[in-house]
């Protein structure tokens, strides 16, 4: 037997049959139908159910705009100081995110010059321990090569820096802007499903200004109010606001649109997730903080106020589903 | 008949056949081929056509950089003031977005202290109407508990705040920086399709500096020029720039790459979409605005200038398609 | 023969068979099994292998936080000036990105007023060449209609602007903050795979603070250290840091999570990609730069310092894969 005929034999062995013009057409139909069902079964079970083809994670064009409200007073050194959104939201606007400062270490009146480095990085006994031009990655300035008195008992390398350098003081606990727990944020979100030419806004048309200025989001009693209390957001993730406020953290606000094409009104649901900081924080480099500065001109000289800001960054994440069988879907199979 | 044999009977009834070594090999082949065609039919019609498998929404690594140009003069109180990008783009750089201030309410020379609250939130007759330490979410400051004269006819609660608090004045209409309609923005966008090791830039190599500094995007006559007039962008969405400039809004700039692997040059197409504000705006909390401040040092005291900025945020959204049958696609079926 | 019977004939011709109660049940089983294998073959080869169904590009909720460290001294005009992160990271925090200024052109002490325009845009011989109220898109101000001396040999149109306007000077080369090559950045990234209820952090629990403050990422010897030297990042893309520092650029930092559900520890891999600027830069509008300003109050008058900042923007891009066969996957077929 040739290889070819052996292959032919293998190929045909189980499948060829004597065709018999049909006494039993219905059997043929059942066979066809079952074969199709098997294929459709795959499509429905796998593509539609598992892959959620029926609820397409639709390419959604979204825009988020945010407005934080609330004021807090800090009382450092008996000087009451009021903080409002123009000061504690840094930077003042972002695309899908906002940062609220909840705690800070402020270093006032820094000037360009030379001064002793912080003792953490550069203690010394003589100038031989310091290297002119050297700057360790965590240092505040570039060493001049001299060893100078940091205080009565300690000497550190002199650096060229914004002087005096930030003190290595304890992080205020409780957080200075603990009142941020009561701040509110209005989140406006418009989504467009380009494939379906569908545009929706999370502030429905029947909401009046009065409603918006009084309602507060609650997952059960007020699930469609787009005004959120910062404390509620953090609590919903299982974290404690006041604890997270000390070192800062990142919280995700998930806005999920599940639109059914046959029901023409659709509203998003909101959920919250801890992303950084808080009780689940890593032991190393915990929380969320960064430094920014205000530059001043004082008699032709530039001085700056350095602020190490601890706070909570809220990232708004929008996803959209279309939960209806679309016509083109059925026609295409 | 046992259950097992009943099942066997059911299973076999329509499908078992007497295998006959073949008089008609070609029939077997037709059968196999048709079966494969059915399977391929599914693959092609569903996966390729409907799911656009042939035009994969490819994981695209994109970077956007933006440069706004243009100056405007405002003439408030007979003081001409020139605004350039360093002042009206806030913050000065973002990853995929830029904000252009078109209108503002400026409150100059605020100091930390106590002063009467704005009458919207806290009118009072006696100190009993005011609560020391209380601050409503929309207030400018924290109440001291006293009731003071706001003006000759009205009393409001005294607050600790940046004083004097922002006046509740009418939003300027027409917008103060209406000249922003003529500003231009250069959008640079480089995309990488890592799967195909393909790198493309929206400024093709044959564009010279001279071209870039004179061309302006037009959907018909100049569809590949990456310099856009802000007024044109807004008009393309069906909105009116001057109207949107008053209260602000959000506009999406969609950059769509449709690259064919066999035609090695590919350029993006640009489209524009209204995302917030303008004529389709909700009645409540319309437009887009936020507050930011400049801090000054005045004889050892900090003062600030508060700016409530209205303007248009442009979000750049990049998506990429590879529109060619890829080799690996065919080999894999 | 009727059309109906012809169709019936065509439909049945190859498929109907005389059902024979079975002498050879095993043949029927083989047939069934082979048919299923064909279907599974498609599923496995196409869906799983090509589409990487087994390694789902999972919807990953990610948060990135960044901390840049390092100081640089510039020595312009014999005035040593120290730059630290509060000054060279602009804006001070972003969601998935950070910008490090590496070079700049500073224009100090600008005031609102009138002065000659830069000669690039508006040379003139008489006032007839200037148009009151006109401002070309690239101009620094709005023309007053007068033609004034720019210097002894050249006249330009007078403009209302921040005066004096920025000089068209050469971009410093080498870059002023070339020391940025030695700056480090700590990238913290927590990811959540909501479908699998899996939360992972790129700083594993067994890393101590001491480790973090001494380790530096290296693709071979230290691939899991989340502290990166900026110079190393740029070099990994094949670019030269010092060259890119002059005009600026954009670099992508790709964090890829490939988590196997059976091995409960998973750590990301890091890779780097040039996105804008550097040696592969376009000839036109190369690099990455923008302008920002510091406003000062000087005897009741506002002055500003304008900084044209060149630098490298680093975009952090997180993607996540789950590389294990999931249970529900098998159950669903």
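In order of appearance the chains are A, B and C, and numbering begins at 1 in each one.
Note that contacts are C-beta pairs under 8 Å (C-beta built on N, C-alpha and C of every residue); 3 or more make two chains touch, one makes a residue touch a chain.
Composition by chain, UniProt nomenclature: A, B, C = Purinergic receptor.
Model, not experiment: these values are computed from the prediction.
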item: Same-site or different-site touching of subunit A (Purinergic receptor) by its copy subunit C (Purinergic receptor), using the half cut; value: different
item: Superposition rotation for subunit A (Purinergic receptor) onto subunit B (Purinergic receptor), Cα-based, multiple of 5°; value: 120
item: Chain centre separation in whole Å, for subunit C (Purinergic receptor) relative to subunit A (Purinergic receptor) (CA means); value: 16
item: In subunit C (Purinergic receptor), residues with contacts to at least two other chains; value: 13-15, 17-19, 27, 31, 39, 91, 94-95, 296-297
item: Subunit B (Purinergic receptor)-touching residues of subunit A (Purinergic receptor), taken from the complex the two chains share; value: 8-9, 11-19, 27, 30-31, 34-35, 39, 43, 47, 59, 61-63, 65, 67, 69-73, 79-82, 84-87, 89, 91-95, 179, 182-184, 186, 188, 190, 192, 199, 201, 203, 205, 207-209, 211-213, 294, 296-298, 303, 305, 328-329, 332-333
item: Residues of subunit A (Purinergic receptor) defined as touching subunit C (Purinergic receptor) within the complex; value: 14-15, 17-22, 24-25, 27-28, 31-32, 38-39, 42, 45-46, 49-50, 57, 90-91, 94-97, 99, 112, 135, 137-142, 160-162, 250, 252, 254, 273, 275-276, 280, 282-285, 288-293, 295-297, 304, 306, 309, 313, 315, 317, 319
